[in-house]
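Letters A, B, C and D name the chains as they come in the text, with residue numbers starting at 1 for each one.
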Amino acid sequence: MKGALTPAAAAQMIPDGASLMIGGFMAVGTPERMIDALVARGARGLTVIGNDTAMPGKGIGKLITAGAVARVITSHIGLNPETQAKMIAGEIEVELVPQGTLVERIRAGGMGLGGVLTPTGLATEVEDGKQVIEVDGKRFLLETPLKADFSLLAAWQADYVGNLCYLLTAHNFNPVMALAGRIVIAEPESIVPVGVIAPDAVKTPGVLVDHLLIRAS
Amino acid sequence: MDAKTLIARRVAQEIKPGMLVNLGIGLPSLVASFVPASLGVFFQAENGVIGLGARPPEGMEDPHLTDAGGSFVSAVPGAASIDSAMSFGLIRGGHLDMTVLGGLQVDEAGHLANWKVPGKMVPGMGGAMDLVTGAARVVVAMQHAAKGASKIVPRCTLPLTAMRRVNLIVTDLAVIEPTGAGLILRERAPGVSVDDILAATEAALVIPDDVPEMTLS
Amino acid sequence: MKGALTPAAAAQMIPDGASLMIGGFMAVGTPERMIDALVARGARGLTVIGNDTAMPGKGIGKLITAGAVARVITSHIGLNPETQAKMIAGEIEVELVPQGTLVERIRAGGMGLGGVLTPTGLATEVEDGKQVIEVDGKRFLLETPLKADFSLLAAWQADYVGNLCYLLTAHNFNPVMALAGRIVIAEPESIVPVGVIAPDAVKTPGVLVDHLLIRAS
Amino acid sequence: MDAKTLIARRVAQEIKPGMLVNLGIGLPSLVASFVPASLGVFFQAENGVIGLGARPPEGMEDPHLTDAGGSFVSAVPGAASIDSAMSFGLIRGGHLDMTVLGGLQVDEAGHLANWKVPGKMVPGMGGAMDLVTGAARVVVAMQHAAKGASKIVPRCTLPLTAMRRVNLIVTDLAVIEPTGAGLILRERAPGVSVDDILAATEAALVIPDDVPEMTLS
């Protein structure tokens, strides 16, 4: 862990056109201050990998509204009519991925695996254009790994070396995305001294985290 | 009793002691309130909790604890937080005993379509494809017809959710079991005749000698 | 979770010839009372899947010495000369698997994935007889999923519904094996009331656990 | 200074601030004591801890906390417990900055053999294949010769650990860097001449104009 950054400084590190993994499920467990800073900077052309695009005014929805996003890889856009409208207008490219496949593709990218062999999507539109692999007489789709330039995480607590823990349903994609971003920035609700988070309570080891956002003022 | 309550009460009877159950958003989520706590059932929300509980007391909602529809929920004693990889590992790995999902169409092969109406509604599949592929038992809870058209059809015209045959369909008119020998009519809703059901169903049904009325304990 | 069992009753459930996943790394995090009961019952012909075969007198080593094991799938037998001697004598069949591949094969089995695509083992003896899959121009070994009739886990605490947590390096293979045994038996150091283990501290949800061993007398 | 101490002290210089490092058992484990705490380095033990610490005070050993060799260890402030899936995900995914391993042979292509002597020693590869495949940097720490025979050979006669070229070889005589252009002699041990090294090395070495003596800070 390299240290704490302001949201503005973090947003400055992220160039237009970058690929971002953003934690959260319908904006629960999403780093909102980080997103606000990206909107304030006027980011453009981003690829966003996340479970969903939330709703207008929340989480990833704010990036959609701001016109910052060129492409999303996601499992669900149903609660954000703006994503749907921009998709139909050809302003945003949308790749829809089954949720369980999406999280495993991210994990595979982060853990050095060559892909995911899943039965999900077989004999549906999801199969189109993909390799089907037979293992012991059963068929599986080969889904490719995902990585990104940055992973933007929301956490409950962080300690000074970047260890993270999460609360309840705010875990979701955050622990897996911590593995798959070349640069990992975490936005914790509080930052505590080393030792406050016991080793068995750590969900994301600090060695995976490059930067923390400074506490909200 | 309205149609939704009828369906939810009938589906609740499918839930056996100690099961792990996932309820889809909308109609399926109503099922929980008809399952007695004494059964020791755990409800999973795929966004990250096993042991989903009722809506929290007014003023005690926590933004870190929602269901997959984004509503505030509570957690029962013995609940466990899980991340999305574990959540879908449980689903895909067959550890989920039952999922209850809404449907747009089910056909004579027992195939479900519930995630897309091309050109009209493209919300994304979210977790539906994994749920239908992986759950030990898939129950479809839906109205028998929409805008006067049967939702139980000879062959799905909408994109499939999975190649897997669902286990049971519960509607406001009937309980139908898809099998290798076709759709078997198992039960009638109170006051509904076999002829009523046949008239409302586009798909061919197999009619056993005895088709009892649903009992709604 | 079905309830608590004596070690003897648990050993009685496990027939000769069964396949067992047994947690632990050099006997740290291994269910010793469960193993003692299997030895006492005179189990024979077992297939054991575990990181290593420990050393004589400890963990899986006790099963090796007792002649209970016909086959092991493991990453390391170097500290147990008895395993090596029995392998050379043709009494035990040994499949050696790289440690990171072994844990992913178990996870794939438990999470409904068709296999593991890993670069580990390419161009070594481990590649022999295996399918090589090319993804985006890179080559990966296809390693098949593992499941077993039983998973025998060691945990630190369990609660009455089977939620488990582990201490420090005694996690190792236990959380992953909890997913991949058809019947899962956990040997906790203590069993506490529901609620004592907070949802965020649970490492293995109780819905995966079939039986707990009763506390040591 | 004995040979092992010399090697360990020289390897310690390869470790940079903030790195995540895995030390193999035996000789490599000696390296830790020559790395100043001020570097903020985290040592990983692949059996499940990031932040491995020194041997615990007498009488305070915990059987739940050992290193990959089974010895009692402690954990530093900021340590994190991980299970085997996460541990090898970090290794295979390139999150481990360096691994230091022993060797039986390294050849002119930079290939390492360190897990098997057919017919004599078949301990299993444990984590070695994953470590050599996945770590960002692989350092081999070994005696230059065994029983009078060079361990640096034209082509490994023992089974390979991985197809990957290791990054550095540190022996009691020399520091050698495997490259696409062969094995480059980088440094001499104190009091050892280039001719001494050539005489003790079966493999061809590339000799730069200047081959300085190791500095052991």
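Basically, a residue touches a chain if its C-beta (ideal position, glycine included) is under 8 Å from a C-beta of that chain, and two chains touch if they have at least 3 such contacts.
Everything numeric in this text was worked out from a predicted model, so none of it was measured.
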item: Minimum number of chain-to-chain contact steps, subunit B to subunit C; value: 1
item: Steps needed, at minimum, to go from subunit A to subunit D via contacts; value: 1
item: Averaged-CA centre spacing for the pair subunit C and subunit A, given as whole angstrom; value: 32
item: Chain centre separation (subunit B, subunit D; CA means) in Å; value: 55
item: Distance from the mean Cα position of subunit D to that of subunit C, given in whole angstrom; value: 29
item: Residues of subunit A whose C-beta touches two or more other chains; value: 104, 107, 112-113, 118-119, 166-168, 199-200
item: Residue list for subunit D, restricted to those that touch at least two other chains; value: 49, 75, 81-82, 88-89, 91-92, 133-134
item: Chain pairs that touch, as defined at the top of this document; value: A-B, A-C, A-D, B-C, C-D
item: Touching residues (chain side subunit B, partner subunit A) in the complex; value: 45-49, 62-68, 70, 75, 81-85, 87-89, 91-92, 116, 121-130, 133-134, 159-163
item: Sites on subunit A touched by subunit C in the complex; value: 104, 108, 112-119, 133, 135-136, 138, 140, 142, 144-145, 165-168, 199-201
item: Interface residues, subunit D side, partner subunit A - complex; value: 18, 20, 40, 42, 49-51, 75, 77-82, 86, 88-95, 133-134
item: Of all residues in subunit C, those that touch subunit B in their complex; value: 1-2, 107, 110-113, 159-161, 163, 179, 194-195, 199-200, 202, 205-208
item: Of all residues in subunit A, those that touch subunit B in their complex; value: 25-29, 51-52, 74-79, 84, 87, 96, 98-101, 103-104, 107, 118-126, 156, 166-176, 203
